[in-house]
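Labels for the chains are A, B and C, by order of writing; each one numbers its residues from 1.
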């Protein structure tokens, strides 16, 4: 038996359902009862219960694409801050996708402190030690552009269903975006005015993530700014 | 905790500044939105909550009996203390006051003390024995840059809000304020000067200068910070900014 | 102010409340920009802020626990929060309150989800009128939820006591000074499990039970305000 409606806002400890439901993130079971563990929106699909959190820090998961900042180095690689409780370790061999002779090659030529890197979570162990890799096309060190930050819980909304929101941002905003699951987003574009417009749009998505018709509103807003032309 | 600013952010801010623009679309001589709420803390003699953008600082004034310093038997005392609360930023840690907290308190202190904002001679109850000590406690609640200006403004607003003490030794009709010093901090990024640096700008600024002025535009305290330098022309330009912006801030004190 | 002859006259307390009445209560969630989660609680003349940072990397590293997050709490009073200026920095009282606050909050947190990390709770009392530790815990629980830290339940907290031989809810400073008993309590409102209990003064056998009844009633009301504060912050605003 369900005690709440789908998409209802719930708070920690709130009773959601009783019975044999499958319990996913944001909820927990005590005997027959299922409760919310976070502030979020209930996502109820058949026998599956999940609470979509509205707040919270990024916790790395294998396969996630993240945007990291180099904060330290060691003899065979770098430590990346991911705006998470956990840093990521990137071996030079996982950046270059080849064996590296550490005696002959100076790895400092590849990355320095403060560099921004697009990487993928290769592995997370039970103690939350994170290995990264950055060999795929489009990964590795980032050049130029603007780095912005949204709450990691809003990333699915920034991407949208089948990438619809991301397409709108890129096509109408005339910018190229790279979205990290950790909430960091890189924006590249020719017109600083449109870059700022996309940043505005991202802030709007973050603010109104839980409302409907958002993609259309973002579209309208970007079109409007575009039609206003230069200063 | 040392914070590394990403190269992308540094380049982006520097690039905007080169065009005379800022990351939050302000002009170089523009403060963020400022609000002053006076008297939020009733347990204090006077108090004020100042917001500059997302930065929030609360200041509380307490007045107590004290024995004067031996070399100043006929003067009340002023003690300014600042707390960079760990609540206000992920980089603030609990424990003894950091050098930044001490610098902040001392810069605010100098502005108030050197301008004679408080008529300390009126705060004497009995020469060499009993005077009033004015404590200004600055509480940083949310750190999004430019703590000095927000703190100085909060301290001054709290002093102006201070009520006469309910104590038989207190004989003054009101709290003896005679000047309104106001601090304006000017940051330098890539040879451009700007007022009221936000946190992102502080993260990449080369240097800053804080200039406290009083009503007639004269200077009562200054403090340079940061690891790079200012030319003479830049200092004159910074003073002009501080004078003009200072009078705008002062108007907000009422 | 001198101690009045009676603290309860015709069933009314000095501030006009009945014995089982809470002071005016206002809770707001998400009031600070930098913190991961935050809340303010105003209860009568009390003004308390709480901020949560985390889960975040634990420093110093030797305090990391391989299989769980570590909860750290700091309760602190502003120098201007009380009549006589309080010297800044921790004293024995605030160290003890910080400890019992941590123990009051920890039972509801799923700390095991975040190995090696730290969750920091900072409580700042801006204006004090008795009951600051319980107001701080109430605020901290809302701030933890606001930070997205998974919780089994809320924690709601209030003090009860005895004045003029009557059990009363939520004592003011005057009542605390002149009354005989003060008992701060924190509980999980859903399961009615107590996570903080301190007491000084005197309760006869049956009085203790009556005081607990009052505390449960008070916490129920506080719990409602906590949930409302979270809903108000996140609710879909009409017209948007």
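Throughout what follows, contacts are C-beta pairs under 8 Å (C-beta built on N, C-alpha and C of every residue); 3 or more make two chains touch, one makes a residue touch a chain.
It should be emphasised that the depicted structure is a prediction, and the values quoted were computed from it without experimental measurement.
Using CA-based centroids throughout, the chain positioned farthest away from subunit B is A.
Here A-C and A-B were compared by C-beta pairs in contact; the pair with more is A-C. Centre-to-centre, using mean CA coordinates, subunit B is 32 Å away from subunit C. With centres taken as mean Cα positions, subunit B sits 38 Å from subunit A.
The set of subunit C residues that touch two or more partner chains comprises 56.
Those residues of subunit C that touch subunit A in the shared complex are 36-37, 54-57, 66-67, 69, 108, 110, 113-118, 145-154, 188-190, 227, 230-231, 234-236, 240. The part of subunit A that touches subunit B in the complex is made up of residues 69-71, 81, 112-116, 142, 144-147, 186, 192, 196. Subunit B meets subunit C in the complex at residues 1, 40-44, 47, 54, 56, 58, 60-62, 64, 81, 83, 85-90, 94, 96, 135, 137, 139, 141-144. Remark: subunit C residues 32-35, 38, 45, 47, 49-51, 53, 56, 59, 74, 76, 78-85, 88-89, 120, 122, 124, 126-128 touch subunit B in the complex. Across the complex, subunit A is touched by residues 4-12, 16, 21, 25 of subunit B.
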